[in-house]
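So that we are looking at the same thing, I have put the structure below in structure tokens.
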Amino acid sequence: MIEEKSIQEFKNGDEIQGFFIVRKVEMKLSANNKNFLDFTLSDKTGEVNGKLWDCQEGQNKEFPIGSLIKVRGNVTEWKGKLQLKINRIRLANDDDKQNIEDYVQAAPIKAEEMFHEIYEYVQKIKNKDIKGIVEKVILESKEKLMYYPAAKSLHHAIRSGLMYHILRMLRTGEKLIEVYKNVNKDLLFAGILLHDIEKLEELDSDELGIAEYSKEGQLLGHISMGMNKISRVGQELGADEEIIMLLKHMVLSHHYEPEFGSPKKPMIPEGELLHYIDMIDARMYDMEDHLKNIQPGEFTDPIWSLDNRRLYKTLLCDE
Amino acid sequence: MIEEKSIQEFKNGDEIQGFFIVRKVEMKLSANNKNFLDFTLSDKTGEVNGKLWDCQEGQNKEFPIGSLIKVRGNVTEWKGKLQLKINRIRLANDDDKQNIEDYVQAAPIKAEEMFHEIYEYVQKIKNKDIKGIVEKVILESKEKLMYYPAAKSLHHAIRSGLMYHILRMLRTGEKLIEVYKNVNKDLLFAGILLHDIEKLEELDSDELGIAEYSKEGQLLGHISMGMNKISRVGQELGADEEIIMLLKHMVLSHHYEPEFGSPKKPMIPEGELLHYIDMIDARMYDMEDHLKNIQPGEFTDPIWSLDNRRLYKTLLCDE
Amino acid sequence: MIEEKSIQEFKNGDEIQGFFIVRKVEMKLSANNKNFLDFTLSDKTGEVNGKLWDCQEGQNKEFPIGSLIKVRGNVTEWKGKLQLKINRIRLANDDDKQNIEDYVQAAPIKAEEMFHEIYEYVQKIKNKDIKGIVEKVILESKEKLMYYPAAKSLHHAIRSGLMYHILRMLRTGEKLIEVYKNVNKDLLFAGILLHDIEKLEELDSDELGIAEYSKEGQLLGHISMGMNKISRVGQELGADEEIIMLLKHMVLSHHYEPEFGSPKKPMIPEGELLHYIDMIDARMYDMEDHLKNIQPGEFTDPIWSLDNRRLYKTLLCDE
Amino acid sequence: MIEEKSIQEFKNGDEIQGFFIVRKVEMKLSANNKNFLDFTLSDKTGEVNGKLWDCQEGQNKEFPIGSLIKVRGNVTEWKGKLQLKINRIRLANDDDKQNIEDYVQAAPIKAEEMFHEIYEYVQKIKNKDIKGIVEKVILESKEKLMYYPAAKSLHHAIRSGLMYHILRMLRTGEKLIEVYKNVNKDLLFAGILLHDIEKLEELDSDELGIAEYSKEGQLLGHISMGMNKISRVGQELGADEEIIMLLKHMVLSHHYEPEFGSPKKPMIPEGELLHYIDMIDARMYDMEDHLKNIQPGEFTDPIWSLDNRRLYKTLLCDE
Amino acid sequence: MIEEKSIQEFKNGDEIQGFFIVRKVEMKLSANNKNFLDFTLSDKTGEVNGKLWDCQEGQNKEFPIGSLIKVRGNVTEWKGKLQLKINRIRLANDDDKQNIEDYVQAAPIKAEEMFHEIYEYVQKIKNKDIKGIVEKVILESKEKLMYYPAAKSLHHAIRSGLMYHILRMLRTGEKLIEVYKNVNKDLLFAGILLHDIEKLEELDSDELGIAEYSKEGQLLGHISMGMNKISRVGQELGADEEIIMLLKHMVLSHHYEPEFGSPKKPMIPEGELLHYIDMIDARMYDMEDHLKNIQPGEFTDPIWSLDNRRLYKTLLCDE
Amino acid sequence: MIEEKSIQEFKNGDEIQGFFIVRKVEMKLSANNKNFLDFTLSDKTGEVNGKLWDCQEGQNKEFPIGSLIKVRGNVTEWKGKLQLKINRIRLANDDDKQNIEDYVQAAPIKAEEMFHEIYEYVQKIKNKDIKGIVEKVILESKEKLMYYPAAKSLHHAIRSGLMYHILRMLRTGEKLIEVYKNVNKDLLFAGILLHDIEKLEELDSDELGIAEYSKEGQLLGHISMGMNKISRVGQELGADEEIIMLLKHMVLSHHYEPEFGSPKKPMIPEGELLHYIDMIDARMYDMEDHLKNIQPGEFTDPIWSLDNRRLYKTLLCDE
């Protein structure tokens, strides 16, 4: 029986049909010397490898990367991973009445709304120089911010993921300064808004939020690129030297450990807090993301980005 | 000119007088074969070594540890540290109208108020088993909680420091679950309330909040002692096995890294968050504590508990 | 020519037949869209993957895990590992006159004999409280001890492996106190008998000695579970607090390094010795286990549990 | 007998006289309640602590830091270190006919000569953009380069030490490209000339080459400051983006390991070579500096900057 | 269209023919129960896996390891690696007029020339004892030196690679002592000539430069074997004890870090320099070797021997 | 009241007299410009610093290192350490009827007895080549073995300490092969007898067992020196190559970790066991040595050689 299933619901032995986005496609030669197409397909719920056996020379060009396709096939298992043996395949067309955006993993809040809320936080900064620098950087970055993910393959690697990350950090920061009242709000908000901003240049992302590292990203990294941007914008605005230095220090130190890219640890409380807020948001995202796929009382598989920990979903989750 | 100064204000060359608490006192023999008394003295602002030269056999018994004394003397420098050469010394008496508690470093909120607020957080826990365990543990611990520090020499090593640490963590936790709504409030609050509770047995503290490690503390540590307490109380109350296990897991994993005493990392989001809330509170305390002694634009000396970082006090602090 | 071979004797190209235990079995779909059964089979000498091609829907239920089967097939090589292509397969039956226990890797001494010897060591403990705790724990654990392995996949991962490990450690301990006469025999024996006892709860094992981690095992680990058991039994017997504390310290510290699960290193000589006796027994087991498969003058493959060392079998082995 | 000795020649028990520079001076109170002056004195060969006992209030102002003084005194030993008990002291005057520069440790080549040779290397760069950036940076930095040390307390911590370090690296680089002909000379020379250039801002040095870290130096470090300078100068000259990026990558990666300040390792051969040339020059300097004080056949004390190695002076040194 | 291509030029989908050396050959059984031959083939430019499907029992003996074969086949991709599906295969014969040496990766200078130049460096050593030891070792080793690689699979793993490594190091050393004039030339040259000499015994290499570890190599390693050789030769020649000790120290310390096999770090400048010259030559070789396969503006894949760095080929390479 | 006390019994404030060995003596100049003698004195129980104030030029020559002196003085405390202010001092003479050996810390068994027992173990080795090598080495080393310590400042740093260490290891080894019967006794005994033998050359010791590192010891270390000795002796006796190699491998690997001097880990069970027997003996010695100075229920100070652990003396020690 053919079922309509999202990728996350696939089970070994299923016969399914559905719409998917083409992430990668390559023509290959099988051991028995025939052409086949090797796909990576995705929808809102995940990714899967697909094989179309016995195809024609050049058929890969029919299904360009980023296009939406309709597929029917069998779910099999290979080396412990599910795979889709494709039986039928065609491009989606207008009659299908599908919207490609419904098949892309994206932040749970609309990009415009997020930008609006972030911009309000910028307005809460009182120091003129800090506000000036942050506002200029955020406005210059708006176009890319609308769809960029926060990473190539780790936490928030989804459309508009970077903005979602910044937004939740701002909300958290606003809460924490109610408890730790000596922290300078302007510096903290600015640090949150700027800390990852050069991921917009470290990565090359398409509008679906799928990213690769850029050349400059590999040779320099978003931390030194971000410091450079603050220097440039600060100089253009004639901002105070102390302020430029502090903002750069926060960006420089926010990864905390040298082996994660920060040669200096935070030397001001606002930098220390920025680091922990960043960690909390990344970890809560990752944990939620992995726990959603299992049942209460179960463990996940070891998760690479969490030092190979297996997470446990408590029986209290139901309550 | 003789000045009334607190220890933090001492400068090389000063002639001062004031009231101090005796922390340590020992009779020693000087190089020229005479007896002298070697003191450690403290007030609300810090500690200092003091020497009373040419004293009598047995004079050390006049100034028992924990007593308040009145002293006059000269501030000198030895190996880069200030020292007090004592010229006059006597026990404080009723005519001095001094309250010893005014000379002890303590949490900035009164112990009774803190306990009241903490107890309200206990009441916010909905799950009966969790609330039952936490309430029993907190009430059993009330007496010691009122004055115990959170450490022998690190963050919150002050009278009632442990309760102050727990309280600020609860306030922070309450804020964070407004942003991370999937986190189980009951588990998080219980984790915060219980995570360090066996510091009450790992340390032996007097009522001034000055502590040493206990025998059991050295051989077992507060983490395994805390797990044991949860087991015992849980069993006495007939609590659910899953809940006992989860609370123990949170205590076990809250130091996060094996080399800091946690053989397991958190496998549930509540444990992850507990760790970061703990870190934030410890670090904000330490940073504030060291920055209060320097001027804007200056750096502190390297701070051992912060990986020998030197902290910077920004020029924005004045605004 | 079809040969009767044990798994350890398999060579690429062999055609073999024999009896094996089903460890795992799963129905899968091959690239050419047909069902096949994917087995893990074992006998006394090792494990091998087996494939039964072109089978029927539901046929996997014919061969339940833990059953003994008779198989005929070809040995092939895949990615450097041997595999069995199954040509014929059926359940063993009474006419085969096979005893499943002959196909399970087990300790080289009978479980009853080992328990008897271990129990004699318990009787050699003179201190009443220590003896009381150890005796109660061992008797409560007897049923599981009879067949539990000492690990899921490392040293002594065989039926009754845990008891074999404890027994050889006791023998070694008894020898060592003849040389190091200041060591307290009671503590040392108790430490050996209790150090791994909660592996009985950390793992879930079937009676063939095949184990998985339990939920509590993953979240808490056998070290803290073992400490908890000593607390409970000690309290039930009203044992001396110092003794309970020392036994817990030995369990807590026996893995020695934080990254292996011991937040404290041994602070008493008996704990230090326990650690080294544990290491010696584990390493001698592992080395013997790997060296038995190669010839004098040869090296083994790199062994994961020995930091990827390759072992050498000396030419003196023959003498 | 009073001898004229340089600091390096001092022995316990000597009575000496000589000229020295005042590095530090402080009025202190001795245990017997009298004022004394505590000096750090230096000459071309080293540093020594000096004490002037029983001095007058305010006498420290007679001997300002950086002044040349004439001293007579006794060499004593304290905690394994030599000390100078000052018997007579006065400022040097014109009649002494001493030149303060003769008492400062400095590079063995004159600053003007070194700058000249370095500038010739700049002229050997063929690529216009690379040469433009390097030339502008070097000319802007000329004034400070003339006397800056390369470090506060490690290798080349002497007057004009930074320029001496750069110069020997250029000579080495020129040699190495004769062997490794694929290396791009322009990039390599530029990397050597720029790699440490912001030590001129990371440190605050006086004209004697004695340095402290600057505020920006502590918060940002010379590596990110250097990258920023290349960005700015590159933009001002409209240089090619690829070239700016490569020069920044070389500066970023020249410390090689994250824990020494380089978040990226070199990804181009020129960067790899820059790192090793830097290491060789620092190590050869340090080794020569320590070996000059001992005799053939002897070992030095453990040297902190060389991982506490003790160096050996071979008997072949005499030949 | 069938093309003549070297292995480095292979692309997925090519149909090629050419001559290759057989590195490994094994008869295996495919999933569909037929024999096939699994080859590792190489030429001057690299290695590739080859499959000959459906072959006869015993056919593997037709193509002995080290023989030159002529092959026609299709290039396919498997798990991201190229593979050759062999359609035709035969041994090369006299009519092919091929010289097997043209298909082996080898140092770019002829072995005889290299030996000649190395021997001249030996003659430049002035100290008689040092020269005596080095000359004896080099002459005894000449036969193997002519073809031995410097490693099994890392840098200079090519025919005569060890000699090429030594030669370039000597050239570099000769240059460096022009800058660092205090370095003892005799010791440095001797260290370079001897440091890896027992790779000739640590590895077993055939005349094509393909090596495996020897038994002694695995149990003792080339460093302690080299020290032993120096002892023996030094004693035979009655050399000075100090000199034997220094040469052994240089060999012992040249890997610098304990985890790379040197229990002592260099304690003499000549040893320090030896280490860095060794590193430079290894790294320049590796980088050149990987960069030759990519275009300017591209990155390589992560390279295991360079800590998984990806190298970048600059756009300046073309100039 | 003047008491006769051993150094271990000294308390601050005591007035004592006794006999001590001069370990170090140096003439120094005090702050008030007078000569004093600075001693290190020892007896069987420990070491103490002593000062003789106001002494004559040249008086240090009266008390040569290694002489026995009679002293009367006051025990004082300085920086937390006890010190002896010497009031009277003279060389011991015949009338004192003291034996200097009674004032030296030494192994608890007589050297001749230990050598006898060790030599019996040599005779238990059956393999002729192994026995030949070991016997020759032990006989050649006999003279030094009689008094050498096993270390300069760590475990067994006492007269005849090395032999005591070897002897207890042999006893332990003999026990362990009763449990681990597959271990080759000849190899194990030989490994124990040879593993530290070149400490006899790595250290320079006087007959009281007080040692310093030799030049060769520092540059090469006892491990490579020991391998060299085995090579030489093995060659002289024409021993089997395999046996020489195995004995060298055991010496090479017995420190186990690269950072402790073993570039290879043991690849044979006899080497593995050697390592653990070595560890056990060193640790049992150290622990006993530190525990003897404290009371049951107390902790020692942190012990450097035990990773700064504090040891606990259990209340069971009394039983």
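By written order: A, B, C, D, E and F. Residues from 1 in each chain.
Convention: contacts are C-beta pairs under 8 Å (C-beta built on N, C-alpha and C of every residue); 3 or more make two chains touch, one makes a residue touch a chain.
Listed by chain with UniProt protein names: A, B, C, D, E, F = HD domain-containing protein.
Nothing here was measured: the structure is a model prediction, and the numbers come from that model.
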Given chain B (HD domain-containing protein) and chain F (HD domain-containing protein), the chains that contact each of them: C, D
Per Cα centroids, the chain farthest from chain F (HD domain-containing protein): A
Same-interface partner of D-F, chosen from the options D-E, E-F or B-F, over half of the pairs matching: B-F
Separation of chain A (HD domain-containing protein) from chain D (HD domain-containing protein), taking each centre as the mean of its C-alpha atoms, in whole Å: 46
Separation of mean Cα positions, chain F (HD domain-containing protein) and chain C (HD domain-containing protein) [Å, integer]: 41
Whole-Å gap separating chain C (HD domain-containing protein) and chain E (HD domain-containing protein), where each centre is the average of the chain's CA atoms: 43
Interface hub residues of chain E (HD domain-containing protein), defined as touching at least two other chains: 215, 218-219, 246, 267, 299, 310, 312
Chains touching one another, given as label pairs in label order: A-B, A-C, A-D, A-E, B-C, B-D, B-F, C-E, C-F, D-E, D-F, E-F
Complex interface listing, chain C (HD domain-containing protein) residues touching chain A (HD domain-containing protein): 27-31, 33, 215, 218-219
Contact footprint of chain B (HD domain-containing protein) on chain A (HD domain-containing protein) as seen in their complex: 127, 168, 171-172, 175-176, 178-180, 182-184, 186-187, 242-243, 246, 265-269, 272-273, 276, 279-280, 283-284, 287-288, 291, 299, 306-307, 309-317, 319
Chain B (HD domain-containing protein)-touching residues of chain C (HD domain-containing protein), taken from the complex the two chains share: 215-216, 218-221, 223-224, 227-228, 231-232, 245-246, 248-249, 252, 257-264, 267
Partner chain D (HD domain-containing protein), residues of chain B (HD domain-containing protein) touching it in the complex: 12-13, 51, 53, 74, 76-77, 85, 297, 299, 310, 312
